[in-house]
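To start, I am sharing the structure in question, which I have written as structure tokens.
Should a chain be cited, it is by its letter among A, B, C and D, assigned in written order, with residues numbered from 1 in that chain.
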């Protein structure tokens, strides 16, 4: 075998770096040539950047970067670190950033969603001013999210989180003359600001309790029992951190911004936020709670098992989300609530952690976020397609769309049933694994049976409103009185939607590798 | 003589609560924003105090970051408030409530 | 690989048809459906399996197993194969689909390519349900049947189609969820490392589940048994979980009804046999009486409901509930003839109800009404169709030398001598009274609609039905009589597959 | 001899072939398929005679053709497996019945040429196909060698009668009558099937004959005093026997399931002839004779058979008195006559019962065909009050009909007399030993008078006196294909009695009770299916008034006397130029009789005023309660959803508030759990 040429370690950050670079390129282009509406170039650059990030992330994953043990033995030519034994998690800047399998996994998710959104935006944003700003903001946000995946210290976490949030506020409100967009932006921003204030305060308390901001260091302080004196302080801090993450992942009670933000924002941005941003929120959530607050030692200090918090959050979140979604009239809003519900599902990933193990369920949550990245993005992009065609926003407005666009509607059906988690689509697996994880944990903590039950009930309910949308487009007949003349067939949107749909279907038979990857990643962070 | 750490914490807590109170009661977007800034600064006080207490500089450095980000946040916020005013002819945060339920 | 070929061909055909232009979709789908039909018949002739797929000593035909996903301790695999229970159902599926497609040339006149594509898609998944031997494969096919059926009812159905479709979809899905959750819980409490049904079955039979989440093993088994029974009970359906059926049937287009009554209901009973009655012999004994009560109620109550209907399709729909009650009775009898008869009834009822729905459909095509009160003397106008309808009706009544009688006789005979079920003769006698009621409502309906002076409320010119409407019914009638005269055609292989169940289950 | 038995299946299959041919090609054939039927039935007749000859020369045959189904099933008596097969059992009884059935079927086919073809009916291929199927089913039923096969073709017979009774489906009445016939008999068959299942599950076999037969097994079980399904063996035999009897009562139109038969007159008269004489109705009694050994094991069952028979005989006869429709009278006479057969069998008079079955087949076919002829003469008028004076216009019809009437009334020396007399004799001698049977006897005896009366009322009203309508004044001519069957049957009605002149034998000692020898297997047959074998099992003793001869004479005298009395009474009343409707004088009794003791009424009431409302109630319950729950669940959750989304007020300040509240709640919960506030 060829002796693999070894890249420097910082190169492991290539995915976020590439995104950042693209963002800067777009800035430069804009400053050289303001008011440019050369969509092909702009969108092209953005897509290229996102894809580059995606490719590197995938390549690193395959190359076993950040993995250790025999799993890393892929024989690829370019690798970071050692191709035979694997590198183990790569710590950068004194552990401020870390690149391991979980980081790469979520970098992939972010990059994929970004690429899809960028492609779709090509048509959707047609005719809008500030093209360049739009794309560069998009990519900056993506950079932030991609960095969140690697952030390993409360400092970097906070910075990355803000880097992701601030552009997002702007993106939501980017349709300046659209009251909906502005209202959405405002609400998103205000709640966001509030949450980040709480979050920072939480950080300060944790720092007060442990004197460190780097996650391993915190863990060590807790383990060595030096934080015992500040159990209340630490507990309060942890709860406040949860608040910050809850905002990012749109979990109850920090979810209030989500319905409005998604409804008001341009559809691609809604897709971006509800998929990538949510995923990014979850990755830091996972990292902080697995790395900084290992279950056993933390329980010893703060006097309770923090999974209880996530059990409560998970149940409440999925219930609120699904129930509120059930009777929505506005499709986008329904999707928004459903994404709240899905946040509840993903929370099971932490709720079902146990002192010994839990990599299965944590991995399941990661898989779910990946699959969700495809099906949910696709669903929102379909809404984007509908908006592009100027059909209304309500279910009734969607009636009989299948007659006009059978292929896209078939894709929509795929997304809906996959979101509902019924076979034969990818959503089934991830949801099932979450369920399994909950059941497995139930043998240790029977409160998890409640979670499992809630999952079943909510899935049943979600079936109702998802199939309602399928019913609208496929079964109901269009109101003959309004004769819509749709524009042409927007290639960008179609391409994105179809790709997402295909992936959603393909992920059913080809779920094995994804599952392995996710579970490896999960076990890696759990042992650390 | 030095002041006990708990007083700093109480101060910051008080500041935090004042900010929170502002957030909950003020309808003017700018006041809302300022209240949030108060909360952020409450955190900063903590960070600096604890840094002093623990004898490492991490907290103080982080406090600097926080201020910078706070500034950025305000910038974006003001931008949004501007378009808010342009669309609603008002900066009352309770006015834009078209999207609900 | 034969089974894989069948599945692949059918799925590919579905896709092809979906993309084909509407004009040729019907013919194309028919041509395509001939392939799986032919292949499955070849399977039938080449079948060399013995014993039961799930139990020790069961030799499967056309078995194939490859690992699909390895998940921690558990392995999910692609695992197919047929035994004497599933093979007849596979053949039933393919043949019925082919005929259903032909019978829909007349009634289906919008979005044909989508329609036929979905029908083929359903067929593929139905086959999958019957050949799958890994729980996940099975469940995926099981669920994947619902979506196209939902659309078939919803798009091409009658006036209340939307309500019916959503009701069918949600109701059956919720049921599957319950069953699914229960089964997963069961697997976790067993010591198995695979979701292969044989493994799970054997684990159940030697030892059964351990305690799970603080619940004792035996309790787990009982709870799972009940939950799964309820889950399948909706699909079968047994009273009181049957209310989705009449709505779905009445609204569904004829071919959908044919598949729904012909095969989809059999999924429920098949699953009951495969899971509850193969894996839980002890629970079967424990809950024999309540289940038998449910069965008897389904038979009598369903028949009574049918008696009260004036819509021909509703009549057939409710009588399906009644007939499925017989299947439950046969299963719970837990004797060779009982369980074998139940399986035989699945096939037989599939053929007969298919025939009935087609015949009713043909009359509906001509008259655009299904109301008993709207017509009379149809025999005058469409003698052949009516003749077949009468034949089918008598098949339903269990006329000897037609498959219905064989099935019911086996079930009654098996149930009467049941040792698992106490008071078996009483239950048998009660359930058997169904054969009188069924004769009652079918004869009443036929007298009012088919005989007497010709009268039609709707203003349509009734002419003879075209050949491609009649031909499928003749095929079905032929099969019904063939199975009635020589049940051994499939009964042998069925008994061969049923025998181990009772052996391992210990025919008390 | 063997060849005869090897050909036996052809007896059955020929009519089936005729069915197929007529159905497929009937329209293109001369006579619309009649020829196929005639040829087939003629063939069956010849083969049946051949088989009879074979049996007569000491042969018997039992062969299984193929296994319908087989499998493990542990029977109550411990047999591990069971086989359900199709096979033939050719012994004196079945051979005799084969001849009767094929003969009548053949004659009916011929008669149909005149009755259907010449009258320009439509749908003849269907008619002949159904006739063929009917014959096939009955013949198959007759040769069946096991109970299940018997049941199957028993059911098919029911189907065919349904189809033929409803032949004129464009009318309102025919389909309704057909439905009634099938439903009522189906009700009986419910018990029959239950019986079949029970017997199978009990003894693990359903064979009629041999050591492997359920009869033998039952005998053993009783001897060993086993317990079957929690009952004593004999009780269980009684129960199962009675269950099977349910089917018999339905098919043979015994009380209370006789109501379908009069309505069945809606079918073509030829069909009535076939149904009443040789196929459907005869099937029931034949079944009892077929498994007589089983009933012989249970005195209770026999007693019930006897009483059902006796009662039905009288009950139906009374109703026959007041009917005006010639076919109605015959219908009730049929019910009554089958009552006699049941009575005979019930008192252990196996030979007598079968003897009457045979004779009745001939004279009842004769009477119906005669009635058919009359209807042709009368241009399809059936009301006897519109007839009269036909005797001179159609002498052949008249005299043959008269022969049938005499046989029916039981006037010496016509066939009916001998068999009926034998039945009554058997009844009285048993009754003298076990007085309770005297009641059955009495009913049978009384019925004789009514029989004589209504029979001759019919004859006189139809043929004597002055014509009472234009149709009667110039009747439609009848052709050879009507006369030939009448003549054949007329002769048989006269002489068939010779088959078993038991009284003569008892008086003179001449060995001329051929039928008894025949059924006793003295020419050929299975030992376990002979009269004497049954005689040993039958638990009844006999007694005589004085000597056997005296009893015989008394019984014969009584019977004959009453019959003649009835006839004479009818003559006095009706053999006048202008007969009066004397039955009017019966007053309220007449209304009761005219409305058949309200038997139909209560059965219709059961169907329409009990079952239907019950069904509708069930339907309403289903729609409201059960489905209501289903829909309720969904509406409740949707309501919940409606509330849930109100949280989202749209005012961002509220969000902030709710957010903080939620956060604090979480904090408090965790804090309390974690004990941070202490």
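Convention: a residue touches a chain if its C-beta (ideal position, glycine included) is under 8 Å from a C-beta of that chain, and two chains touch if they have at least 3 such contacts.
Computed from a prediction, not measured in an experiment: that's the story for all the values here.
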_Middle chain, criterion being Cα centroid separation_ = C
*Please name the chain that ends up farthest from subunit B once chain centres are defined by their CA atoms averaged.*
D
*Chain pair showing more contacts of the two, A-B and A-D*: A-B
*Taking each chain's centre as the mean position of its Cα atoms, how many Å separate subunit A from subunit B?*
26
*Centroid spacing, where centroids are CA-atom means, of subunit B and subunit C in whole angstrom*: 65
*Distance from the CA centroid of subunit A to that of subunit D, rounded to the nearest Å?*
79
*Please work out the Cα centroid separation of subunit A and subunit C, and write it as a whole number of Å.*
43
*What residues in subunit A touch two or more of the other chains?*
186-187, 190, 194, 198, 259-260, 464
*Could you list the positions in subunit C whose residues touch two or more of the other chains?*
170
*Which residues does subunit B have that touch at least 2 chains other than itself?*
23, 93, 96-100
_Interchain contacts (touch definition) - all pairs_ = A-B, A-C, A-D, B-D, C-D
*asked:* Could you list, by residue number, the parts of subunit A that touch subunit B in their complex?
replied: 154-155, 158-159, 162, 166, 169-170, 173, 176-177, 179-180, 182-187, 189-190, 193-194, 196-198, 200-201, 203-205, 207-208, 211-213, 259-260, 263-264, 333
*Show which residues of subunit B lie in contact with subunit D when the two form their complex.*
20, 23-24, 27, 93-94, 96-101
*Tell me, which parts of subunit D touch subunit C in their complex?*
66-76, 82, 148, 151-153, 155-156, 159, 166, 169-172, 174-176, 178-179, 182-183, 186-187, 190, 193-194, 197-198, 200-201, 229, 607, 611-612, 614-616, 618-619, 622, 626-627, 630, 634
_Could you list, by residue number, the parts of subunit C that touch subunit A in their complex?_
68-72, 114, 139-144, 146-147, 150-151, 154-155, 161-162, 165-166, 169-170, 173-174, 177-178, 181, 184-185, 188, 212-214
*Provide the residue numbers of subunit C that touch subunit D in the complex, in ascending order.*
167, 170-171, 239-240, 243-244, 301, 304-305, 307-309, 335-337, 340, 377, 379-380, 394, 397, 399-401, 405-406, 409-410, 412-414, 416-417, 419, 425, 428-429, 432-433, 435-436, 439-440, 443-444, 446-447, 450-454, 486-488, 491, 495, 499, 507
